[in-house]
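Next up: some structures, all given as C-alpha cells.
Both complexes shown next keep chain A, but they swap its partner, so chain B is in the first and chain C is in the second.
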Partner chain A sequence: MIKKISLILLLLFILFVFITSMSSFSDIYNNAGKIFFSQNGYTDTGSVNLVTGIYLDYRLFDSLFEAAILLIAVSGVMLISEHTIDEKNATFMIDKQKTPELFVTFSRILYPIMLLFGIYVIVNGHLSPGGGFQGGAIVATAILILYYIDIRKTVDVHRVLTIEKFLFLGLVVISSLSFFTRGELFTNFIPLDANIEYKAIFLTSMNILIGAKVALGLVAIFTAFLKEGR
Partner chain B sequence: MNDLIPTLLQILLIIIALAIVFHKENFTIIIYISSFGLVAATLYVLNQAPDVAIAEVAIGSAIIPLIYVISISRQREFIVLDRVDHDLINDELIDEKNVELYQILNKFVDHNDLKMNVCANIKGSDEDLTTDLNVDLIVSFDHEKQKFILKGKQSSILMDHLIKETFTYDYIEIVTFKEGESID
Partner chain C sequence: MNPILSFIVILIGIYGLAISKNIIKSVFCITIVEAGTILLFLNFGAYEGGLIPILTSLGLDVVDPLPQALMITTIVIGSTITSLALMLCIKIFHHYGSIEWKVIFKGDK
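Let's turn to the complex of A and B:
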C-alpha cells in the first residue's frame, strides 16, 4: 500500500515538473545556441564536425563523466559476475556447437575492413560524422568477430581493465593541461588564437584515447558474458 | 512525397516493436531487435544526425544482439546430477521406475528445447553444487519413503514446470530450496 502511494506521489511530482518546465517554450526552443555554434564553432574549436567541437571543447567536462560511466558499468559487470577476474580468460562459448564454415569465411573477410573503418571513424572524428565512442564501438565489434574465427583465442581481462583505467587517467590529464596554457580547466590546451590546424592535435588525441577506452571496455563486458554461467 | 519514406519507416518501427513484445521464439526476437536498430538508424540519418546513427548501428544492431545470443545459448543446457546408489537397490521394480523417471525427464527436456547433461559421482553438499557447478537438478533415492527425490533451485522457472508435469507420479517427490545469500 505504501509502495503504491509513494509511486503515485512520484508520478504526480514528475507530472508537475514536466508541466512547469513546458510552460515557457521560447526559453527552451530558440535559435540562440544554433546561431552561436554555427558562427563561432569552427574558429573556436577547429572542428568541422560541430558535434565533436561541442563534446570535446565546450562541454568537455560532461564528456569526462560520460567516459566514467562506461568505466563504472564495466566494474559493475565484473563485480556482479561471481567468478574471480583471472578465471575469465575466455575460451569461446560455442565450444560444443560448431560455427558454420560460411560464417567463419565471411568473418575473415570482414574483420580487417571493420577494423580499418573503426580506426577511420576515430581518427576523422573532427572532420566527418563519428568520433571516439562510435569508432570504439565499431572496433569492439570487429574484435568480437575475431572470437568466431579462432575458438582458442584468449583475452587477459585483468590487463584489459588495467589499460582501460590508465587510459581514463590519461584522458583527465590531457583535458586538464589547458589549466597551464589557457588558465582554465577542461578545454583545448592550444591557445585560442592559434592556427586551426594545430587545434586538431588535441581533438585527434582525445578521440583516439576515448576510442581505445570504449573498445577495451566493451570487449571486457563481452568476455565477462562469455564466461558467465560456466 | 518527401515525408512518405520517414512515415513508412516510423510505422515499420511500431510494427517491429509490437512483434518484439508478442513473439515467443527467442532467436527471432533477437533478429527483430537488430532490425529495429537498423530502421532507427535510417531515421536518424534522415533527420540529419549521422553521429547518432553510427552509434545506433554499432551498439543496437551488432553488440547487443551478440550479447543476447551468447546469454541465450548459455541457458540451453539442463544439467542433472545422479546420486542414486544402485548397489543398495536390489529391487527390480525400483530399477524399472528409475528408467521410467529418465524417460519423463527426457520428455520434459525435449519439450523445453534443452540438452540434457547427466553426470554422476560428484561429491559435495547440494547447495554448493548448484551455485558452483550450476547444476539444475539433483536426483537421489530415499529408502524410507521409497521415493525418488528431485532437488532444484526454487528460483528456476523450469522447476515449476517440472512440478506441474510430475505431481501425478507417486514415486517422485520434488524438493526446492532457496539459493544461499543472494544480493537482494
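Let's turn to the complex of A and C:
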C-alpha cells in the first residue's frame, strides 16, 4: 500500500514538473518548422503530402533505420520462435476453432478490394494521405485474410525474410544514388533544380519498396505467431 | 490543456508498468505509454483550424508536419516492440508454465 501511494506521489510530482515546463511553451516548440515546410516543402521534395516529403527526403536517414529496425525485429521473432516450428509438429491456431462460413465468404469478397486499396495508398503516398508504411500495413492485412479463406496455404517465412533483406538493400542503394547526382548521401537523387514533377519518381519508387518491405515483414511476424499455437 | 491530458495517459501507463503482476498486462502498458507519446507529439503541432499537411493548393494554413513524420517512426517501432515482447511471452509461458512475474522471479519450473 505504501509503495502504491509513494508511486502515485512520484507520478504526481512528474506531472507537476511537466505542467510547469509547459507554462513556457514557446521555449520548447515554435512555428519555424511549420513555416519552413509549408513554404519550401513542395519545391524541395516534390511531394504534395508534406509528411511523406519529410520522411523520404529531409529525414531519409531516419526512415532507413526505421526500416532496418523492422527487419531486425522480424529476424528476432523468427529466431525466438524457430525451435517450435521445426521440432514439434505445429498446427495452426485458427485450425482448432472453426471459422464461420459467413466470415469466409465476406473475406473472399473483401480480399481484392483491400489489396487494391493498399496498393492505391502506397502508390499515391506523395499525393494523398498514406505512404509506404501505412499502405504496407493494409496490404499485409489483406494477405492475412487469406489464412481465413484457406488455412492449408502456408507461407515460407524464411523465403519472405530473404526477399525482405534484398528489399532493404534496394532501399539503401536507391537512397545512396544521390551521392552521384547531388553530391550528398540519403536524399532525392534527382537534381534540386530539375522539374518538380520528376522528383515524384524517387518518392514513388521508395514508397513501393517500403510498402513491400513492411507488408512482407508483418506477414512474416503474423505467420510466426500462428505457428506457435498448439 | 491537451498536452497535459496526453501526458496523464503516459503516467497511467507507467503506473500500470510498475504495479502489473502479469507479463501480458505489462506489454499492454508499454502500448499505452506509446499511445500517450503519440498524442503528446501530435498536440504540439496541431491547433484549432489547422488543415492536414497536404498542399493541394498554395497558401493553405496547414499544421506542422514534422511531429507527424516523427510519429510514423514511433508507430512502426512500437508495433515491432509489441510483437517481439509477445513472442517472448509465449516462450516464457512454455518454459515456466506461467506468465506471472512472481512465478518467474522464483525461477522454478
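Here is the rule we use: the second predicted complex is superposed on the first by the 192 of 230 C-alpha atoms of A that agree within 3 Å, B and C clash if a C-alpha of one lies under 4 Å from a C-alpha of the other, contacts with A are read in each partner's own complex, and residues count from 1 in each chain.
The criterion applied here is as follows: contacts are C-beta pairs under 8 Å (C-beta built on N, C-alpha and C of every residue); 3 or more make two chains touch, one makes a residue touch a chain.
Keep in mind the model is a prediction, meaning the values are calculated, not measured.
Of the two partner chains, chain C is the only one touched by A:15; chain B is not.
Judged by the touch definition given at the top, the superposed model places A:121 against chain B, while chain C stays out of reach.
When the two complexes are overlaid on their common chain A, residue A:66 makes contact with chain C while staying clear of chain B. Of the two partners chain B and chain C, it is C that touches the larger number of chain A residues. When both complexes are overlaid on chain A, the residue A:33 reaches chain C alone and has no touch with chain B.
When the two structures are aligned on the shared chain, A:51 is found in touch with chain B and with chain C. Judged by the touch definition given at the top, the superposed model places A:133 against both chain B and chain C. Once chain A of one complex is fitted onto chain A of the other, the partner contacts of A:144 are limited to chain B, with no touch recorded for chain C.
In the superposition on chain A, contact is made by A:225 with both chain B and chain C. Overlap of the chain B and chain C interfaces on chain A: residues 49, 51, 80, 129, 131, 133, 221, 225, 228. By the touch criterion given at the top, residues 4, 7-8, 11, 14-15, 18-19, 22, 28-29, 31, 33-34, 37-38, 41-42, 48-51, 53-55, 59, 62-63, 66, 69-70, 73-74, 76-77, 80-81, 84, 128-129, 131, 133, 214, 221, 224-225, 228 of chain A touch chain C in their complex. Against chain A, the residues of chain C that register as touching in their complex are 3-4, 7-8, 11, 14-15, 18-19, 44-45, 52-56, 58, 60, 62-66, 68-69, 72-73, 75-77, 80-81, 83-84, 86-88, 90-91, 94. If you check the complex, the residues on chain A that touch chain B are 49, 51, 80, 93-94, 97, 121, 129-131, 133-134, 137-138, 140-141, 144, 218, 221-222, 225-226, 228-230. Listed in rising order, the residues of chain B touching chain A in the complex are 50-51, 53-55, 58-59, 62-63, 66-67, 70-71, 73-75, 134, 183.
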